[in-house]
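Okay, here's the structure, questions in a sec.
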Amino acid sequence: MFLKNALRAATALSLIVAGSAYAETITIATVNNGDMIRMQGYTGDFTAKTGHDVEWVTLEENVLRQRVTTDISTKGGQFDIMTIGMYETPIWGGNGWLVPLDDLSAEYDVDDILPAMRGGLSHDGTLYAAPFYGESSMVMYRTDLMEKAGLEMPAAPTWEFIREAAAAMDDPGSDTNGVCLRGKAGWGEGGAFITVTANSFGARWFDENWRAQFDQPEWKDALTFFVNLMNDYGPQGYATNGFNENLSLFQQGKCGMWIDATVAASFVTNPNDSTVADKVGFALAPDNGLGKRSNWLWAWALAIPAGTKKEAAAKQFIEWATSKGYIELVAANEGWANVPPGARTSLYANPEYQAVPFAKMTLDSINAADPNNPTVKPVPYVGIQFVAIPEFAGIATEVSQEFSAVYAGQQTVDEALAKAQALTTDAMEAAGY
Amino acid sequence: MARAVTNRQKTINSLAAWAVGLLIFFPILWIFVMSFKAEGDAIKAPLEVLAAPWTLENYGVVQERSDYSRHFVNSVILAFGSTLLGLLVAVPAAWAMAFVPSKRTKDILLWMLSTKMLPAVGVLYPIYLLFIQLGLLDSRAGLVVVLMLINLPIIVWMLYTYFKEIPGEILEAARMDGATLHEEILYVLTPMAIPGMASTVLLNVILAWNEAFWTLNLTAAKAAPLTAFIASYSSPEGLFYAKLSAASTMAIAPILIMGWFSQKQLVRGLTFGAVK
Amino acid sequence: MATQHSRSAARLMMAPAVVLLLGWMLVPLTMTLYFSFKKYLPMRGDSLANGLDWVGFANYTRFLTSSSFWPSVYATLVIVGGVLVITVILGIFLALLLDQPMWGQGIVRILVIAPFFVMPTVSGLVWKNMFMDPVNGFFAHVWRSVGAQPIEWLSQASLPSLILIVSWQWLPFATLILLTAFQSLDQEQLEAAEMDGARWPQRFVFIVLPHLSRAITVVLLIQTIFLLSIFAEIFVTTQGAFGTKTLTYLIFQRVLESQNVGLGSAGGVYAIILANIVAIFLMRIVGKNLDA
């Protein structure tokens, strides 16, 4: 409260100092994730520094996507900054819809952005969106349950070990599930998870000629393994569990393991929300001995739609929100565990941040992800848990709905794969491949 | 009352009706209860939720995070603006249909209703492009017009059925006395139609208040009503039941309260004037 | 009674409403028709300004042959039909109940109509999270407290769950219309029938139901109009998974998720055709009843 008042006072003061000549009001569309909401709370600091005001349009992820996609593809010009992901950035950048971020100030230190993030948010080497926070995925497990089961989690487990550990920790009597994974329909939910799992089993979405690959044995292996694992040791109703549902299960101590976004680590280790805060260990996402791990790479990033009249102010905001200074601001007020992770190299070099229990594993996971080389066999696309082509979101949502129907016991693996193959082929044809 | 009702019967009726009424109302009551609980308590079993301490914390958080009053004002302007504008267009049309009916009146009426069946999602791109051309994106004026058009068929239809109840002889008499059309509508028809118009307004305000497709897709920061306010509380990371409940309560309470105070007109309005 | 003068005045007075609605129908309809014959992939850089390629009926065939098409028609009809049946039947019972003398009738009535005030988005979110969630939902807690395995509502009983949510929103409307109709029921006729020895079921079928037919028609007509285009409830609950993809939702998926405006527009044309079939069908029934 004191902070907010102080900021407000500072804002009022600086407005007098800065005068109104250069002050603008920028409109920012963003997602309602914890880190973004925290950022809104610090808007006063930005206004104090630059004199610009900010109007926030905070929306749930699906609504946000629908909203910003319509707006950018029709050049609606409703937003000066859009919060987008690693999927949209290269496509929109390639279409010339985003302002290139190639003239950021020296103080901003663009080279400090983690290479994997910078690569994923660029098109043809030009950065189009600045990462606010980045994530990979990793195994989060209950150290107490592993100990009780007499097992030790390796730093880089295999899927076979995950299955073994899930079997050992699964205890329906005490309401503990061996493992909790995403099964919810949606390309960014269960779709992302099954895709990275399939990557580690040697599967791929498309071959070099953009032919759908769901009729190949690797997909069948991966999907069968996942379904068996979850049916045997997963929570009931996992077909509708996404990030949020699993987070809540894990925090309530109902999961032995949870493989999901690295940003979840700060939630499960926060004693205010989590009943298992001091009993969580971390490991790299599992592999299947084929050389590819099942971890993804994602960033929520800030981009400026081409054509905005407030480009300068928007750039100032991006420089502020994704700067080292912002990280320090949050760290000073709310502790290092709450700063937006996964965006900057310097953060991981900071000894204070290294003391955060999940810092190292997050960095290792991010570094283990390679969007340009995501699968065992060669592919014509970029992206790990997604394929960076415009048609992917639609296709993958439908495919993941077919898979979720398998998880709910409504169809077999073979039926789902056949439908996935047919609808992907059809959609790719419609897109002119 | 043709038949005497014993107290016993009345008691049984009352008990049954109250039970059913509470059952139907329960989800709303539960939102209300949840909104006064801490996030950690809101996911517990129902009895534990009730036993948990009450708190205003969620309302504080929601208030801190988003500008409720602006969304609220936008909702009010959109709902009442579109309804009143619709009334302006619909009253003459309904008058004409009710008092100068032709063979095609009913066809026109049904055609108007059928325009409501077009799937809104199918025309999002055309309308969005149109709004860009007209510079109407994120403007209350643009949305008032869209919401008016969406509800216009309902408004016309309701007014038509109310107007038809007014005996034609009264209008004849007024005409005999030399009243012009204008005077006839203003001094004879309107006073008699006021209850029906009140019902029409109420019902359409509710429909406009609850419209969530266009209000979400055609707005950004300036014109966004409460439907957009809700969209920022649905399924974020972490626990959200209590905050979602608080936001939901804030979004539906104004309409509930309005409905409570104008029950009689509303009940009449909810029947769309179609049944006497 | 209507003079030539008043006829033309009437036409003039109807003009604004008719013209506005005609515009609201024709402008989007023309654009939809236009797009439906074009290749329009905005994410691939297609735009009106750059000109769109003509593709004939390709979008129409593709939409129709997609494996999602017939299931979506089925889902649409099941949801609309299910909600209509439930709201009419429960509405009759509820109206019967509310028509009886009781204490606090006003309050009971407001309790019953309250769901109508709730935004579809809110009601979808609340039912999905606070009630149907298989772990933390109200129903799950109740099921567990009696030792039963909680139901996974939105995956294993997806269509019934959606019908439940939508019926909850529309039951107040059906109830009130039917209640109003009950109140105008001729009590003397009923009593005469009773004297003649007609039992309650007979009286209900031969006297009450015919009296209600007009009210039921109105319920069917208005609800169908609103139900054919329900969207928010599906968007916030299942997102079209588990067989809940209605035609409206399929179009949404084609236009916004797949970013294929041409294909989605072709779907829009089909939806308009479906709506008109339903409308003609309805109007046949309604036409007769509305005059009564």
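For reference, chains read A, B and C in written order, and residue numbers begin at 1 within each chain.
Here, a residue touches a chain if its C-beta (ideal position, glycine included) is under 8 Å from a C-beta of that chain, and two chains touch if they have at least 3 such contacts.
All of these numbers come straight from a predicted model, not from anything done at the bench.
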{"item": "Chains touching both chain B and chain C", "value": "A"}
{"item": "Chain whose mean Cα position lies farthest from chain C", "value": "A"}
{"item": "A-B against A-C, pair bridged by the larger set of C-beta contacts", "value": "A-C"}
{"item": "CA centroid of chain B to CA centroid of chain C, Å", "value": "16"}
{"item": "Where chain A and chain B are represented by their mean Cα positions, the distance between them in whole Å", "value": "39"}
{"item": "Averaged-CA centre spacing for the pair chain C and chain A, given as whole angstrom", "value": "37"}
{"item": "Residues of chain B touching at least two other chains", "value": "43, 124-125, 129, 231, 234-235, 240"}
{"item": "Residues of chain A whose C-beta touches two or more other chains", "value": "66, 70, 74, 248"}
{"item": "Residue list for chain C, restricted to those that touch at least two other chains", "value": "42, 136, 256"}
{"item": "Of chain B, residues touching chain C in the complex", "value": "1-2, 5, 9-10, 13-14, 16-18, 20-22, 24-25, 27-28, 30-31, 34, 43-46, 89-90, 92-93, 95-97, 99-102, 106, 108, 110, 112-127, 129-130, 149, 152-153, 156, 168, 172, 181, 206, 209-210, 212-213, 226-227, 230-231, 234-235, 240-241, 244-245, 248, 251-252, 255-256, 259-260, 263, 266-267, 270-272, 274-276"}
{"item": "Chain B contact footprint on chain C (complex, rising order)", "value": "1-2, 6-7, 9-11, 13-14, 16-18, 20-21, 24-25, 27-29, 31-32, 35, 42, 48, 94, 97-98, 100-123, 125-127, 129-131, 136, 138, 141-142, 144-145, 168, 171-173, 176-177, 180-181, 184, 187-188, 191, 214-215, 218, 221-222, 225-226, 228-229, 231-232, 236, 247-249, 251-252, 255-256, 261, 264-265, 267-268, 271-272, 275-276, 278-279, 283, 286-287, 290-291"}
{"item": "In the complex, chain C residues that touch chain A", "value": "39, 41-45, 47, 62, 65-68, 133-136, 149-150, 152, 154-156, 235, 238-243, 245, 253-254, 256-260, 263"}
{"item": "Of chain A, residues touching chain C in the complex", "value": "62, 66, 69-70, 73-74, 91, 95, 185-186, 235-237, 239-240, 245, 248-249, 254, 390-391, 393-395, 397-398, 400-401, 404-405, 407-410, 419, 422-423, 426-427, 430-432"}
{"item": "Contacting residues of chain B [partner chain A, same complex]", "value": "40, 43, 64-66, 124-125, 128-129, 131-132, 137-138, 216-217, 220-222, 224, 228, 231-240"}
